[in-house]
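Read through the structures below before going on.
Each of the next two complexes has subunit A plus one other chain: subunit B in the first, subunit C in the second.
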Partner chain A sequence: MLNAEVKRELTEILGSSYCKDDPQSLVTHSYDGTPMLQSLPELVIYPENTKQVSQVMKVLNHYKIPLIGRGSGTNLCGGTVPVEGGVVMVMHRMNQILEVDIENLTATVQPGLNTKKFSQHVEALGLFYPPDPSSMSISTLGGNIAECSGGLRGLKYGTTKDYVIGLEAVLANGEVIRTGGKLMKDVAGYDVTKLLVGSEGTLAIITEATLKLIPPPQYKKTMLAMYSDLYDAARTVSKIIESRMIPATLEFLDNATLQVVDDYAQLGLPREMEAILIIEQDGDKGSVERDIARITEICHSEQAKQVSVAGSLEEAEKLLTARRSAFTALARLKPTTILEDATVPRSKIADMVLEINRIAKKYNVQICTFGHAGDGNLHPTATTDVRDTDEIHRVEAAFAEIFEATIRLGGTITGEHGVGVVKAPFLEWKVGPAGIEIMKGIKHAFDPNNILNPGKIFAKESRKRVVIQRG
Partner chain B sequence: MAKLKDEAKLKPLTNKLRMLLDEDQLTNCMRCGFCLPACPTYAETGIEAESPRGRIALMKAVNDGIMLPDAAFEEQMNHCLGCRACEPACPADVKYGQLIEQARDAIEDHKQHKPMVRLIRHTAFHSVFTNPKRMKLMGQGLRLYQRAGLRTVARGSGLMKLFPKHMREMEQILPDAAAKGVAEQIGTRHPAKGERIATVALFKGCIMDVMFTDTNIHTVDLLTAAGFDVVIPEKQNCCGALHAHSGEGEGARSLARRNIEAFKQAGIDYIVSNAGGCGAILTEYDHLLQGEPEWTADAKWFAERVLDVSDLLVRHGREICFSKNVNKQEGAMQEEASGSIRITYQDSCHLRNVMRSSGAPRKLMRQVDGVTFVEMKDADRCCGSAGIYNITQPEMAGQILDEKMEHVKAADASYLLTSNPGCLLQMKLGIEQQGLGDKMKAVHIVDFLHEHMQN
Partner chain C sequence: MLNAEVKRELTEILGSSYCKDDPQSLVTHSYDGTPMLQSLPELVIYPENTKQVSQVMKVLNHYKIPLIGRGSGTNLCGGTVPVEGGVVMVMHRMNQILEVDIENLTATVQPGLNTKKFSQHVEALGLFYPPDPSSMSISTLGGNIAECSGGLRGLKYGTTKDYVIGLEAVLANGEVIRTGGKLMKDVAGYDVTKLLVGSEGTLAIITEATLKLIPPPQYKKTMLAMYSDLYDAARTVSKIIESRMIPATLEFLDNATLQVVDDYAQLGLPREMEAILIIEQDGDKGSVERDIARITEICHSEQAKQVSVAGSLEEAEKLLTARRSAFTALARLKPTTILEDATVPRSKIADMVLEINRIAKKYNVQICTFGHAGDGNLHPTATTDVRDTDEIHRVEAAFAEIFEATIRLGGTITGEHGVGVVKAPFLEWKVGPAGIEIMKGIKHAFDPNNILNPGKIFAKESRKRVVIQRG
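Now for the complex of A and B:
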């Protein structure tokens, strides 16, 4: 329970209807999209502006009470679960588009703004904001920035970090800082903007962001390549990149994922295929047509059973929408879906797919794989049931081995979902003890009292890395 | 101390919820949030607890013993419109509709209604809706009240002021009740015009048959014209939807059993409904009776045969010619002659989200020669009527309706069509409230098509 004095001070700042500790508010802010993780906060607050955020932080810093920023709670790493209690701060009321600057091609927004709403807004103005996480119809830009989210277009257009050029943020002590600006170049000191992107709410609360916009592509085409062998599909991915083509989208779905996605979307996808690739290219008409023709050739030479090009933009959009539902659709198989975010160099994607399947077999668990193959970013997803503890243990062991394989192939434990709670024990595998120390130093400089999203990124104890010898 | 007392008081309800809530469905929700943008109450408030994911989390918290089913919990369960827009939005196929019904069932079992509400609920759920004769009597009573000019007296004398505002407004838009239902007016058997494609049984509905009898008659006309033999099984009764959505599970099941018996004997290929709210529950009789093995086969037989009238016409019927220059009504005809008539459509939530039918009505509207169908913004969003929601939650229903009417205005159509009596009344209410009565009319899609049918 929160000290009554703290609650009184916060209520004074926010007003009683935006400061809630009834059971209903607490329960509905105890989770996010992460499976098997729930922990009740002590208070839920809804600030309206930067000033309130700053006042709140001063109070909490004084009493050393944890503060967890929250967008729409769709992250998959436990990022908004208040594992050490404290106050959840929901950013939804700060959801305005403050400006779209047509001369500089930038937009300035508040963090609680919905990603898709923003994206549609700038598209209507003839501009383009490429980052498009599959959760974009729900997620907030603040959440995207804090997680440095990627999306289906990451391959060609990069991820959130490539579009954030300025921030306003509130530090743990309540100070408000501004970083970057409407500038395409800026080397005045450390790049704090980029440091805050992907900081998972552990360094500061973002209260405003300036985003870079680009002119939209004039033309696009979407195709579907179907394979009776997983490995052929994965090799096609590396071959396309090797041939010096960067499609806008290059997504991979295995058979199990394909089936559940079609159960949901009812598109008549080729359910008998072992794997499919969804490929989109955009740009000017001539080069799009040329790339699509060359990619079709590559697909065929890598044994694709069939290649088809979407007849209309509408059909293409349906395909991409269906792809976005993949993760949730997998819950049709079994109630608990545990998804990982392994990312390897793109040339290693086929090896990674084989490793995942080998490991799934070894531990006798079902792992379905889909993901942003063109980025080398796969989402091996275990379908299981929380109530089956034995299987959950096997799933955990399988994932530890998948992380190990990822690192062995030169990859990382998370490509876009963040470390949060769930990957904290593995972070040291990727960055090493010295890497952890420097990150802890940064954290301490920003937040000496450790009130911002405590328990995230840094584990109490790192997992021991078991290197599996195979031979 | 107070907490312990609460716990003891809420123990029976907690147990009941644990017994009724389907734990598999609760676990199947993996909290991805895909349903959030589809939910009208979440859109309206932006509060997690007002979203499908939030409500499921609350149910699960009660089930897991993290939270007590206190008054706020109950309130939240009642805040849900039951529009079920969250179901087609959910890639994991979580059966939210079942969960909310289970929760309401448990709550209803333990509820201490105020005496007045108890009386109304009892009369409605246990006497009127369960009994076709009483339903008819009520229709006649209503008709008498309307015909005898009592309505005028009541409205004029301020008698109506004794009722809450929303009920008063509702009273004004109620259509005149008919003394005789469809079967009594035109008989129970109607042969197909031309070659017979299949035999269908009309589910006439209780409110439909009292307040919208003409729509039932028009449905029969459309069906025979499209090549169907139509029978109207006499022993049918209320579908049970209002019961199921209001936590009267046993009432709903008993009505379902009686309907299955009535239709089973009719020797038919399809069961057709012209009210999305009724049709939806009819397609779920198999689920409703899942605890009763002796009914499994028949309930499945029944549920599989149910189709909405639009779907039946589009999927199995012969194409009917609809065009503008028939059954002229003056004002309408002039407009139509000038070719400027625009129509728009408000989806019935249960037709769209449970029966998953949204294309068929649109296809039919586009087939009408000489009228232009315009899609209004958020036509797939609940209008706030949602069964008796506009009576139990007038504030939220009002907000939702106001927003809906903004989109209706923007569509700038002369006809606003719907596929469900509840939605139709709500749209009429909206038109009345906004003073749009001289510009547009809310009409059941069947009536509109019938008016434009070429014989």
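Now for the complex of A and C:
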């Protein structure tokens, strides 16, 4: 119980300006990017350094009070909603780039640093940090690490996990550990670094990260291919990969998404197309030109109705920005937007889209689909209205059936959004009861009192999603 | 205790031909690639499939008898020496390529499959599996996964961990789990896949792995640069990386190693050089030619005495084979060869080599150094004689001081060989007491009875290295 004594101890550590329990602060931190989910914290705190985080943790562990680490709350799995109350710890004050090491091609950063700001900073130094979640203009690196964020470049460059090589983290008991380092190889014991990436704030609080940087590609080219048949688009994806090419980006938008995005971004896309692919290749000029030429051929041979290569960087950027804004564009349609994250082996993309369409029809709900086709990572997105209880139930039933189809096709319930609250009831479908038990064992080893982001990843039978109205 | 009843139960599962306790079998499996370490198992078994592994595990967990998984035993950390007795389980019968999936660019394999055989198989299909540990002509993929093996291509392509995307594994209680899949992205719960890679057989027995394949580079070129000053070579490494180039291979050999390798491989190298670099770049022809030209310039500007680009694939292969044979070549010098695995940030390569040389002189022992300079992964190698007890003690003291220097320079005690028995006493230097506690917690969650490869990773004060004579 967060009583006056606990508040006094926390205020002593943080100072009264960084320890807030006024209604505005509590309400502002009662939800995140996830629709239909809200729960009030008892306190919101803003630590300045690792020492404060450690001191806070000791107090909360002693009193067994939940601690929810939070960056900008852009996640879509309810990852930062304080479903069991407690303290929300916002990392925005710890937002420094501590070092960019040019000799080792690493950067050391604090968790509250904005992703885009960091990305641009290293770009100005002639370096490249590939992870580019669609929320990057708002999100923090700490949040990206906690959720193992992906993005449009995952196919060729991997996700956040592939770039985190060292961490400083505070354990539930307040102890500070350091993992990895400025090291391209490290097998000293279990890989705690990679275990913490994507652990959704349930194992430790990340207070510093060392990230791997790479030389940027020297050239890139973006193209668009449009299809009147979904299978043609999906076959194009398979053919490109089979032809031993890994594009930097290989994005898919279905007809419904296409229309909404075109309304929003005014691209003048042919709205009758069943599917479009946005394809980007980067690297050496010669190989990019060759790949784009070969991909163009493949698109044509797979019955693309229209294929065009962006004539300028601006035109290319416009296409990718349109794709990045798919969520925002869809959110304009109806008051409630539920963006999901089903991932299948990339050879199953067409089957999965057909399944999604079949299921949407069965439950009479509107689901648009777009996503990272090259990764097999699709984002079926329902546009609905929380006030229509009957429709919301149908949407939820449809998504459950979509996850079932994902698993059936050899996929997973989440490719980049995380489990959080939203996917917790489905986790066992992917990892099995023995997998859940092992994960619970890991959780217990790190956090025996279950104070770190409780209620996430592991489902309780009794959980109810709290539905609030939006828009 | 492995009594007659346990043997009877195991024989029932495996059949009597695959359950051996004759002296030859026991002695053959009492040691591995690590010098000065030997301990007899009580039984050697050869399972045929996952079901048998699961049944065996249930029996051994019930009786609390150690189980040591083993591929070809090429590791250099004592990882497969049964230091607490028990059963050695050799995975050689489970050696099939179950599938190469061309559409998804994945392969599914059994753990006993030989690394080189697999590598050549996918190469013939026009695909590429980059991890190339020097032991690859003998090692197994299961062993590579258990130790997270590196190799010469780690700098550009990463290590085994970066290519394992799904696993089937048998837990200590006999339950079978499946992690990941043919998925480029999967954030469904904790990353048990990456946790098992490099866990040295202490958390679970891997019975199947899904590996990521990539398109092969189309072109490669190999070059040699020779230096009369160590710092010039080290500066060359830094300058290459700073110039935003990541070569496929960037290997370093010091003078002592150079001489031995030249004796062995008859390359006609100038034996007075203090250091040589073997550099390979691969990729698109245009970018390879450009990188090799720029690297040549850097070598010259950093005072290389001689720079030569291999004129043919055969010549290039000869250079790399010479490097790969460094261990074998050094092993000819004296009866006992101790190959170590210190890794530092790559900017600290020169400092580390100087430290190694200083320490070797201080303890009056012979240590040659070679390794993956681009990774900062050095292999200081002592050539000695176990029968010379005094010298062996000095060698051990020298290595302890080398590990201390590694940590001081921001490095790690092992970059690719693993902790095993050999590095266990030093693990705390890298990960700290809190790090050890967390790792022990993870171990306990997977293996509460401590039957899986006991005595590895975590040091007991009481352990003694059993010194036997060789050569």
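Throughout what follows, the second predicted complex is superposed on the first by the 460 of 471 C-alpha atoms of A that agree within 3 Å, B and C clash if a C-alpha of one lies under 4 Å from a C-alpha of the other, contacts with A are read in each partner's own complex, and residues count from 1 in each chain.
One rule holds in what follows: a residue touches a chain if its C-beta (ideal position, glycine included) is under 8 Å from a C-beta of that chain, and two chains touch if they have at least 3 such contacts.
Please read all numbers here as calculations on a predicted model, not as lab measurements.
Partners subunit B and subunit C, once the complexes are superposed on subunit A, both fit on it without clashing.
By the document's definition of touching, neither partner reaches A:36: not subunit B, not subunit C.
Of the two partner chains, neither subunit B nor subunit C is touched by A:125. When the two complexes are overlaid on their common chain A, residue A:386 makes contact with subunit B while staying clear of subunit C.
Once the two complexes are overlaid on the shared chain, A:293 sits clear of subunit B and of subunit C alike. Of the two partner chains placed by superposition, only subunit C is touched by A:191; subunit B is not. Legend: residue contacts after superposition of the two complexes on their common chain; A:432 is shown touching subunit C, with no touch to subunit B.
By the touch criterion stated above, A:267 is placed in contact with neither subunit B nor subunit C.
Of the two partner chains, subunit B is the only one touched by A:135; subunit C is not.
Using C-alpha centres, the superposed arrangement gives subunit A a vertex angle toward subunit B and subunit C of 140 degrees, stated as a multiple of 10. Touching more residues of subunit A than its counterpart among subunit B and subunit C is C. This overlay, made by fitting chain A, leaves subunit B and subunit C with a least C-alpha separation of 20 Å. Common to the subunit B-facing and subunit C-facing surfaces of subunit A is no residue whatsoever.
The part of subunit C that touches subunit A in the complex is made up of residues 101-106, 126-127, 147-148, 150, 154-155, 159, 161-162, 171, 175-179, 181-192, 194-195, 197-199, 203, 214-216, 238, 241-242, 244-246, 283-287, 343-347, 372, 374-377, 410-419, 423, 427, 430-432, 434-436, 438-439, 441-446, 457.
Interface residues of subunit B, counted against subunit A in their complex, comprise 24, 27-28, 30-34, 36-37, 46, 48-49, 54, 57-58, 61, 66-68, 70, 72-73, 76, 90-93. Across the complex, subunit A meets subunit B through its residues 22-25, 27-35, 40, 72-74, 90, 92-93, 116, 135, 137-138, 260-261, 263-264, 325-332, 335-337, 385-387.
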